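Pasting the structures in now, so scroll down.
Two complexes come next, and they have one chain in common, chain A, joined by chain B in the first and chain C in the second.
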Partner chain A sequence: MSESVAALPKGGRVRAKLDRDDVMMRLWMVVIALYLVVTLAFPLYAMLSKSVSTFRFDLTWFEFQVSDEEGHFNTAPILASALNADLDLYGETDLATGSDGRLPATTFFPEFSFRSPVMYRIRGTVDDATFLVGSTRHQGREWVELDSNTFRRVQLRPAASSGLDNFRTYFATPALSNSITNSLVIATVSTIVTIVLAFAFAYALNRSCARFKGFFRLVAMAPILVPSLLPGIALVYLFGNQGMLKGLLMGESIYGPIGIVIGAVFFTFPHAFLIISTALAISDARLYEAASALRASPWKTFWTVTIPGARYGLISAAFVVFNLVITDFGLPKVIGGQYNVLAVDIYKQVIGQQNFEMGAVVSVVLVIPALLAFAVDRFVQRRQVAQLTARSVPFQPKPDRARDRAWFACCAVIAVFILGILGVCQFAALVKFWPYDLSLSLNNYRFDLMDGGGWASYYNSIKMGLITAAIGTVIIFFGAFLVEKSNGFTTGRNIFQMFAMLPMAIPGMVLGLAYIFFFNDPANPLNVLYGTMAILVICTITHFYTVSHLTAVTALKQMDREFEAVSASLKQPAMKLFSRVTVPVCLPAILDISIYLFVNAMTTVSAVVFLYSPKTSLASIAVLNMDDAGDIAPAAAMGMMIFYTNAAARIIHLALSRGVMKRTQAWRFR
Partner chain B sequence: MLRKAPLAVSFAAAALFWTAANAQTELTVYTAFEAEDLKRYADTFNEDHPDITINWVRDSTGIVTAKLLAEKNNPQADVVWGLAATSLLLLKSEGMLEPYAPVGVELLDPKFVDNDDPPAWVGQDAWVASICFNTVEGEANGLTAPESWRDLLDPMYRGHVIMPNPNSSGTGFLDVSSWLQMFGEEEGWAFMDALHENIARYTHSGSKPCKLAAAGEIPIGVSFAFRGAKSKAAGAPLEIIVPSEGVGWDMEAGGIIAGTANLEAAQTLLDWAVTRKAMEMYNVGYAVIAMPGVAKPVEHFPEGLLDAMIDNDFEWAANNRAAILAEWQSRYDGKSEPKS
Partner chain C sequence: MTVTLTPDVSLQISGLWKTFGDFVALKDISLEVMDGEFVCFLGPSGCGKTTLLRAIAGLDLQTRGTVIQDGRDVSALPPSQRDFGIVFQSYALFPNLTVHRNIAYGLENQGRTRSEIRARVAELLETMGLPDQSDKYPAQLSGGQQQRVALARAIATSPGLLLLDEPLSALDAKVRVRLRHEIKDLQRRLGVTTIMVTHDQEEALSMADRIVVMNHGVIEQIGSPTAVYRDPVSLFVAGFIGEMNQFDARVVDSGRVRVGQSEFCCRTHDHEAGAAVVAAIRPDEIVPLGTGYRPSPEDVNCEKVTLADMAFLGSFWRCLLHSEDFGREALMADFPTNAVRRLSLEAGQDIHVSLQESGLMAFARDV
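And then the complex of A and B:
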């Protein structure tokens, strides 16, 4: 292109003149983009640099001097590295360690005896050299003189450096790297099962005349309202050693892959169902007429018309489910037993071993499959073209008694599964002491006597949900408006779009961990946010940014750009158009975004598990912590509180939407 | 967290999250005390010092320790009260503790006080490993009650024993470190290799094994005596067993975080934490406390627990913690269940 341009005579560059509105809109876009950079890009960068920050013992940093039997220091000081070379003790790889590493100084003295009268001196050769005498810390070049009995308590501490050592250690430790296979296996199996079930369910609701469709649709969406740990808790009561249906497992343990898959099917079902249902709803009856005219068997019609028509929906659903399962932390934590998966590994590394560097490494490993699944999903979505043309005839299922009954039975089984899980949790929450005392009581609701922050955490969750919904909706919708409706500035808008899509690919655990690294840095002026409600809100908004952004963009795309043209020609400022036209027209979408944010803020665990503080403990975290402490029934009780709250919020949302539809959307129905 | 904020931000934040704005001093206290004790402890403390409000940050030992270390350069806590001594030694070696000798510290058993002068931390009470045995489920599965750690290796217990993962649980770590100290390194690991064959799974928290034993989910839980006594009091068919070889223990200890803005209040709390009144308060749930001659027997606590406590080398445990955990992980954490 540049060559052809060069061949033309040079002219002045043609640029559209920017008016005040354009400048303002760009400015605001930059502000929101900056928000995304600070809450997403910077923390991820901090995490990446943490994953390559390593610790190793630098033996040139320490110097020893040994006395004779009388305590006179006659020999010259000697470096630890020289002793190491003489004795051939540690190779380069042996000296890599964690931030918590300790190396006993006595290892450099094979003749060492704590009873000998020999005295020892130790010092650093640089200011940063650190060693411990017992647990007292010494740093710097001062000589420290110790008798042999004290010298055996000397431990060298590692120095910080950087490199790929952590990744090497990760892949060399089977206990860690096995989790990659485990995670992939679990995610793949869960995806297949969920997609098959969700497809059957969606097919029954869209393509048959089975009864109670409205009810089934409602039931299918219920799992979205609870944290992913809840099915795990229900499974303990159903299939644990004291479980009601233990016999069904035929001796297999529910703690492990079986439990994770069943639970994962439960909590990913609504996501898959929604996507596939949308795909199946759009169908052209003419294709089916053609098929039957050509005397194709129903089986053949299914494979040549139905499946190809829904293929993008199926692929998209598969990758969404895969992503949800591989990044989920709550469920395998509760029911995973000894079956290690990546998301739980991050938690174990960070919380259990205080090995933040390794936690960062596992995070990087976890981001890769999540990013891939995300990329495939985006690619497929782009290929999805309009199948419903103006000439299409919507498919209308015809009643067929036997078939409809079969589909009804299929839906009923799935509905019983979903309602059963919820019912078991509610039952467990009300039983006094499972399985020995089955009388009912409200004891399990006395959260203040348990781990997890008590009732305060429940109110915190509601507060967090409301703030997230309010602030998040404003930021996200305004951002989408700017990127969708501003003129020119293509590069900037594309970059913004990219940032808006990125959060979906970042697992919650990874985001939470990245927030610690970034916001808890004392050099960061934003560290005042650490430990506050604000950081939980910011993290949650960022974590759930993408879907909300897409909802807003879809709604905005439905608005003709002529609105802008008209308002500009009437010399109306863009902000007036925004508040008078855009917002009212898009109100249903805005309400959808806010309920989506609220529900997810109530149920999320992974993103906030590293970030909550005493004053900001959350209900979903309380479920996790109570289960962790063995208070499983109260955990179920709190989980069900989240469910009822979200259900209530949904009902309010529904009522509001109806009202809004009547007041502002009358123009849609002529 | 707000103390480092510029004034304007503090005001804005205060206006946003308006709480009681009087002369109350608020102390952020990181703890691993049992959740059900927190309110009682704070209330008892407030009887003597109503002007200091305690904001608890409670989690299991591993998590609180991780949190403290993560916040090393930007500490959020003012005081640590009720955290494992092993963890406090870690904090001390990172230079995170402000040495302080609480008034009356000389009345405590020296075993419960840091060696340095002034001490970096002081202990309050000890929590001691025990085995929780569900008699109803034991009978149903035809199991006899174990009497020693080595009894647990019997093949009849296969799949019926549950213990905490030392990588996340302080109780789990004190079990492992006590076995290594009692049996010696080589035999200790051999013991755990054999025990691993009988373990159903490893839990994240130290109280969960006993609660699972109480609920009959797994008949034998390796946990600590305090938890067992509580569950027994709640009506669980439990027998609390003190293994004959001896039991590991750790103490709940406290210290001041260096750099706290509320040093005076922190010192007041630590002074109070070693008073006789406080000791009696710990004694409600814990049979072993730091001040000699105060302890009264605690209901449902097993007999002979005090004599069975091993001579625990905390410094050894703290300094070898990283190496022990890495070894444990490579031996037992990698062995996942068969693939599905």
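And then the complex of A and C:
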């Protein structure tokens, strides 16, 4: 064929003339793409550059001169590096520091006394050398003369450069780099356990006639409605130092890997269940008929039909769970004890030690497995779609009393586990003083008496959830519409798609930290957002962009792709089609996106933990902070408030969806 | 740019190319469509017919070449600035709008009053034979009804050009045949220039004023239905439209070919003597002469065959004929039912048949 291409007459390609709609749609797409660049790409870039910026004290940069007791400078100036060598004060590694590093000048003068009449001079030997006198910053080669009492307040500042030193330090510090192994172990074990349980649960609901399937399905989804740290709190009550089931652990502590794994199974269960259940639901009944016609044993059928049919779902679920666990912060913070994991390390480095560079390094380390898990998941999901055929016949399980009872028991155990965790939290929130006074009271709901922002943080959360749902749905759906339905501009659309997929691969902690670096930079005009509700909303929308975007794209793809062509041929503006047809037809998906954003805004901890201010504290953050302060019962109470709020939101969403379906989707029912 | 056109040319396409990377989907297409004409683009899937239609509509722009509509160069214009109505295979009816609002969709924002729009929609529904369906949703209509609504929507604004992209292929056979006549009838009444894409040769033969036969991105032949059926210019056209027996032959001299041991009078076109060609004849151009027929010397193209198999297909019998000259390939022939009765033909008989001279054609072999 290529020789035919060579026969193409010379001259330029026919260039499309754009009509106003095309131009408008491209402009809007650029606007939303810019939003993603500013709220995602720039912060990540700021974080990356932070991770490779290193600070160390360069002692050859500073020169001192000391006077005699009369104030005459008779001796020659001497370099700080020379003094250091003479006194053997600091080795090479001691001089590495952070951006806030300060080195008191007096350390180079062992005989220094602030009462001494001796005068000191200090200057830089290069233009970049900086030191502080009190809070006054001096830079350059001018001599500064100071009396002893003032010299006491002289601090040397480090020289900035870029390089991989931070990473070297990280991997040379076992206390830090051990977390990599810890995180991987935790994520792997949790993934295996969750997948096995979720598969059994999904199998029972799809392939048996066990009773109460609807109820079980509902229970399985409950963990989505609570912050990931809530199971941690329940586990403290059950297995903690005063836990009622502590004996079951046989001396092991719940504070550590055991607690994290149990909690992780709880909060990742619904995600795994949903994916695996979908995979099992689409499998083809005709394969089972063929297997039984060939007299295959149930065991053989299971391994040759069921598992291969669900394998993409299983793999996809495994990587989603792995990703959720390894990036989760709330749970290991509450129940991890001394067992360090990457996500908590970021928090400790930044909030505990104010070592932002090291926080950035840990973030980069955490992004790698998260990015890998994300990439595998995307790859697998693409294969799963290709497997679907329109001719598949859905599998209809036949009743079998013994088997159905066994599956019922299996589901019941898992349901008891999930409801038990929630129940313990609710119970703990209502008792006066665990475990000594089990009488009920509402004392633990007097949040205003505790650290963590009180009831205001709860109302903040609802406000944040509503704003996020409203604005996020508009931006995300409109963005998906533009990228799906505009003409030409292929490169631009592909870049947009890539940006829309990226947030899923970025752990919340990393996003939050990146926001500090980007938005808290005084040189950034967007700095005004820092500490406001707006930045929480922006961060949350970006954090949960991908899933919402995919929901929108799926709905839009189901629409006839010729609608746009028909509308254009009838000379109607693109926005008319959007408002009259696209939005009404996609309304169920739009509602799904908004409830997804609301629920996640209510439960998220990881990204916003770096970004809230005293005025904008959130309920989920309050849970974390109250737990940190030892107010565990109020933390459980607040966690359950989030649960009830989300459950109510879900019910409203359901009612709304039904109502909307009836009015605008009448065409669906003949 | 000055464009000189004969007054009744509605659409002029010249030097149109479309490439996707290395793949050439359309290769140097040039074509004129007259005012009020019904033209079919016919070809197997992947031949480029839909690509050509979408280029005319401005939905997928061509790589090179010009499209001139009513004297206006629309080559690079977006669909909204061209003048056409379109019906897709899927109909693309807006599912959440009633039939009325679907048809009225293009009439809004055009300076028409509400009552004008209502009157126009009612008129269109009447024309389409759907007067009492206006408040239904598309999903409540049958496939044929949806088709008509899509057509009504496309012609509501009285466009100068109507584009139909496989409009009938989603329907079942009976509805399809009925709608063929309805669409053709409507087109004739409105006098609207129409281009229809189809892969169904019967549809093209029964509806089109002219057929554009396409293959591998090039136009093989343009002509009236009878012309492309009777005088195909290539083996592809001959084989694609209607049934065709094909067999190897050698040109003896102008007007004569040799097949096996026999010579036949044949339309050799401009093939030289001695050239190896493919001779082709349609099944209905083979006429039965009966069992006891004694060929006279004046009989040309008379061949002795064995009636190997017969299948009754209503108005005719489809028969498989074997003969020494044609080797192992069976000839397919359609004998009228009354001829079979008159000649008392039965499977297994040895009979004579005549290969009609006007129906026997020689083509270059496919390279």
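Going forward, the second predicted complex is superposed on the first by the 576 of 670 C-alpha atoms of A that agree within 3 Å, B and C clash if a C-alpha of one lies under 4 Å from a C-alpha of the other, contacts with A are read in each partner's own complex, and residues count from 1 in each chain.
Following the convention adopted for this analysis, a contact is a pair of C-beta atoms (placed from the backbone, for glycine too) under 8 Å apart; a residue touches a chain by one contact, two chains touch by 3 or more.
All values derive from a computational prediction rather than experimental measurement.
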Fit or clash - chain C, chain B, common chain A: fit
Touching A:584 in the superposition: chain B (first), chain C (second), both, neither? second
Is A:401 in contact with chain B, with chain C, with both, or with neither (first, second, both, neither)? neither
Classify the contacts of A:568 with the two partner chains as first (chain B alone), second (chain C alone), both, or neither. second
Let me test your reading of the model: by the given contact rule, A:352 touches which partner, first (chain B), second (chain C), both or neither? first
Just chain B (first), just chain C (second), both, or neither: which does A:242 touch? first
First, second, both or neither for A:21, with chain B first and chain C second: second
Could you tell me if A:295 is touching chain B, chain C, both of them or neither one (first, second, both, neither)? neither
Counting residues of chain A touched by each of chain B and chain C, the higher count belongs to B
Min C-alpha distance chain B to chain C after superposition on A, in Å, is 36
Those residues of chain A which chain B touches in one complex and chain C touches in the other: none
If we count contacts the way the header does, which residues on chain A are in touch with chain C in the complex? 1-2, 4-5, 7-9, 11, 13-19, 21-22, 487, 560, 562-563, 565-573, 576, 580-581, 584-585, 664-668, 670
Chain A contacts chain B in the complex at 97-98, 100-102, 104, 132, 134-137, 153, 155, 173-175, 178, 181-182, 185-186, 189, 236, 240-242, 253, 255-258, 261, 333, 337-340, 348, 350-354, 356, 433-437, 448-452, 516, 520-522, 527-528, 530-533, 613-615, 625, 628-632
Where on chain C is chain A touching in the complex? 15, 17, 19, 22-24, 27-28, 57, 59, 61-65, 75-82, 84-86, 88, 90, 92, 94-97, 105-106, 108-110, 137-140, 153-154, 156-157, 159
Tell me, which parts of chain B touch chain A in their complex? 1-2, 4-5, 9, 13, 17, 28, 35-36, 39, 55-60, 62-63, 65-66, 69-71, 73-74, 76, 89-90, 92-95, 115-116, 136, 165, 167-169, 200-205, 207-212, 215-218, 234-237, 315, 318-323, 325, 329-330, 333-337, 339-340
